[in-house]
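In the two assemblies presented below, chain A is common to both, partnered first by chain B and then by chain C.
== the complex of A and B ==
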């Protein structure tokens, strides 16, 4: 078939990943994804769907069908701001926000997100900061985020940063808990991938 | 009345004014809170994006620490003023009960660190405490300077009402509106009460995040509000601190006050503005009050 401009390449079953849906839905309540009726309520409710490359409804269909590469490299899950509007309105009770989280985790594990895209970088910096100190130091996380993604745009933020500093809303003190060992023992013992509860039949 | 208190990282940083005003107001009302000793970060949205089980582990330690304050009671209430903390702690305590597999792993992890959790905590928001435990009538009795003529747009944001609406209507929450009316203020009717402010997108994908925040501030202004009242440190930061950027990008001239609902309560109670953290706001709400305007 000729590759016309704007003509989408079709995917055939052999190219899809039949296990992908099971991987993504291996979260508490994830099996409900199979009940999706593609009504589009999630996309309609989502305040961010306008900015997404695939709408939430499309992502759900693509997860189910096994479009692994497309889903994991899509911006959709990263733009999800966890407002849960889709989750509470879904007539089939699908926890779409949680599905988005599952996609994010998989994308990080498989390292298939754009390199300097700030959202996963923020998640990683925040994660590391809390793992080491038990609390997050907002200033430190933000500075690291900018250094790793867009150092020059830090200048744009400087005025706001100074204002916040003089208002005592950001500081240079490293926040930390006392019993770091205790927390790390708990977290190390939780060192396991998401527990699967009930297998979906997809 | 006695509660445990989980401030979370933001209330010690960007949201300092929220903590200051909350403590002052609760002190005035005689509601006692004990800060949970050595609490850790709730993990917010980032932890769940990285590792779901570790996210449960973080919250489980906090729940276990709170339970130490049980002192023979049937359960212990945890007050979590930050919307993200409120959601994450709530989610964890529910999941530990609903999904025994997770519950068991968390239980084992806690005991390795010499901690235990029996599931006897209730995670609650200050708005819930004020309306349902304390009561609006008693709040009215504390009002010294009614917020007469002040038009407030009550903005609840996402995570207090979704996905768990434990104390209010999910589609049209009213608890903050009722509270503001009890303080003598007028509340405006608007459709964006629970629309997303963009969360951390204002820092990561600014074109999108700042736009989302602008939609909310602009709508409140259009509907005639003098001030937006918030109940979340991130909402407050997004709606207030990016106004210069909004004005530049969307050719506007915004100087719109965005205050914590606790700060407005403190104003009505006649508490010293310094104790309410007013000096930490870019645009103090005083300017929005009728006498401030004159």
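== the complex of A and C ==
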């Protein structure tokens, strides 16, 4: 039982961001979020909602009401496994999984995502690796993940790493494609496109 | 300029309506009036705030009486709204009512145009068109057609029963046609009715037997409508009477034949008990079935399937009522009005696989539970599971097949209340813990909220959250052997798993499977969901777009018994208003043939939906029966030689209207 600190269960209108819902729902089909009837089917279907600080239904309500800080710093979107069960069963056709991605992108842009939480760190390291080399070097990604999130538990994981190594499931070789320059050209072009369309960068 | 300028006596009055601010806020009405004053033959042009008001109509009447005008143009709303109003004013002023033309500058202009200047210009163009058209209007007379005083009621549920009895009590002859072997519909299957908990059978069966014995009602069960033709006041209907293999007039419902049947035990699912009970090939649908006549199901009867049966049923029937040679029959009837009361179909829970209906035997539909708690049901009113045990906990899932874009978008209106009723009955009969899983509780009705309050007091659990899924995967010892309902308790903000012995799916209401087919037969419209469409959602809720055809009950949309009965009463009153008037006035917008132009090509004859055109073999030209013509205009558009014309819509009138718009632009 946490100690009582007199936490505030009051939100002033001035603390809310009235534009937040529009920003998060600026994706194809995003406007349907407004039709949510708060039935809770998404949370009930979600295999991970039991681990979330806010259930998907609560996230939808908070996005709609403009609770920007709470939504972006919440673990919910990072726990989303993209199984799409909520999206399939939503009686109002709301693309909840897509909304979760929109929240994640926004959290990265605003640099408010949970920094020590493995899921955003893994995503960041994986993408960084692939963007640089065209391929992912799993050993490197895993080591960086543990260093940044839980360095002490690396000792335990080392045994599994050895096993995987001897089974040939994981290697020491740095993976890379041959013509990295061409990849950079493609990525730069995509970035330009992304900037010009206002969709943000990777 | 109209070509027939020779008509020197033309004096056209133009009246432009402000419609409060409906028109005046977008259209510069004064400018339109100034414009109208300068149009040819216009002698009077006026602006008025509400032309449809008495003083507005008096303007027209007075100007006609003063000899200032002899043709009338009103620029206001849609003709659907007030054409009759202004025609009447024209006629009361002393002119033929068809010396009037309406320009729609509200629905077609002010309501749909953002720009004020553009709206004013469009209003002027429409006024110019109306002025040119009215100049060549002809005086026409309405014709009267007598109305047959018999009414056909289709569907023998509570809606059809109430409508038929109301009409019959008023002395009208009624044909009540029901598809099933008995009347009673869904209501006969229910145990109690909300919110008063009246026993459904106790209040329904007296009405059923009243139908059976009423001298003014001809009851045809096990019959369907095959064909409908004719028009308001004079419909011709062909009814198919399916063979029961039992002569209805001879059978007294003694059930000796049922006992004698070679099938010693009932072996086939009884539809009335939602398949939970069993029946024999020869059966009475339920004890109070009306008419009290047995029938034989040809798909299960050995005699009808193989011809090799001892026919014990026939041998015990002293009245020789069993007739294996019966064939379907067709009856033709003439009726003046038709009331459709074809009801609804319950949503099939199998369409939502995650609720496990059809997979887990203890997931029941609401209608199945109605039969289980009913004293005349398959268990004699004992609420027991398939293994014979009483459930200790029951979950009721609301909104199954309602409020869901994947199934039906609409709220089925009755499920909340019947779920509360079932929760009460289940708790009363078994003492089980009952959990209601709901999105919103909707109890807007007399005594309904009080019923909800009573249920809260009784200790029924209410969990605000739509059920995500139902399965039997136990995660704790408590959950072993139970069905687990997983849902978010949205008021708490946590996902809950609730183990229960029995699940009831509160299935929503859907249009009947063959609603589209029925709609076509009766030439009426359906909403996008398939419910029959009323003429106006507020002001004509039981009329259809086809004159003389009325709606009652759930075929028009989900509704409970009180609303259904109210609507059935309304539909019979509307039918009586039509019948008691004794005649219908037909618009003179009928087609006519200019004999000298007809080439006898036959094009129009098969096109006419009302069989109003025939061929005169002596003169070798087509002949049109004005009494049958409904003025649809199909033949007029098809005639290759222009011989067919339509009153109120002659080619010349339409051309003048077009010229009016074009010359202005």
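Keep in mind that, in the parts below, the second predicted complex is superposed on the first by the 183 of 202 C-alpha atoms of A that agree within 3 Å, B and C clash if a C-alpha of one lies under 4 Å from a C-alpha of the other, contacts with A are read in each partner's own complex, and residues count from 1 in each chain.
In the analysis below, a contact is a pair of C-beta atoms (placed from the backbone, for glycine too) under 8 Å apart; a residue touches a chain by one contact, two chains touch by 3 or more.
The model shown is predicted, which means the values in this text are computed figures rather than measured ones.
Superposition of the two structures on chain A shows chain C fitting alongside chain B with no clash. Contacts of A:37 after superposition on the shared chain: chain C is touched, whereas chain B is not. Once the two complexes are laid over each other on the shared chain, residue contacts for A:45 go to chain C alone; chain B is not touched. Of the two partner chains placed by the overlay, only chain B lies in contact with A:79; chain C stays clear of it.
Contacts of A:92 after superposition: chain C is touched, whereas chain B is not reached. Measured by the number of chain A residues touched, the leading partner among chain B and chain C is B. Angle at chain A (Cα centre) between the Cα centres of chain B and chain C in the superposed arrangement: 80°, in steps of 10. Of the two partner chains placed by superposition, A:112 touches none, neither chain B nor chain C. In the superposed pair of complexes, A:55 makes contact with chain C only, with no contact to chain B. In the superposed pair of complexes, A:143 makes contact with neither chain B nor chain C.
Here's the short version: in the overlay, chain B gets within 7 Å of chain C at its closest Cα pair.
Of the residues of chain A, not a single one touches chain B in one of the two structures and chain C in the other. Those residues of chain A whose C-beta lies close enough to touch chain B in the complex are 27-28, 47-48, 51, 79, 81-85, 87-88, 95, 97, 101-102, 104-105, 108, 118-120, 122-124, 126-127, 130-131, 134-139, 142, 145, 159-160, 163-164, 167-171, 175, 177-179, 182-183, 185-187, 189-195, 197. Considering their complex, residues 9-10, 12-17, 38-41, 43-54, 56-58, 60-61, 95, 98-99, 101-102, 105-106, 108-110, 112-115, 158-159, 162-163, 170, 194-196, 198-201, 203-205, 208, 212, 241-242, 244, 279-282 of chain B touch chain A. Taken in their complex, chain A has these residues touching chain C: 37-46, 49-50, 54-55, 57-58, 89-93.
Contacts from chain C toward chain A in the complex involve residues 354, 399, 403-406, 439-440, 464-469, 486-490, 493-495.
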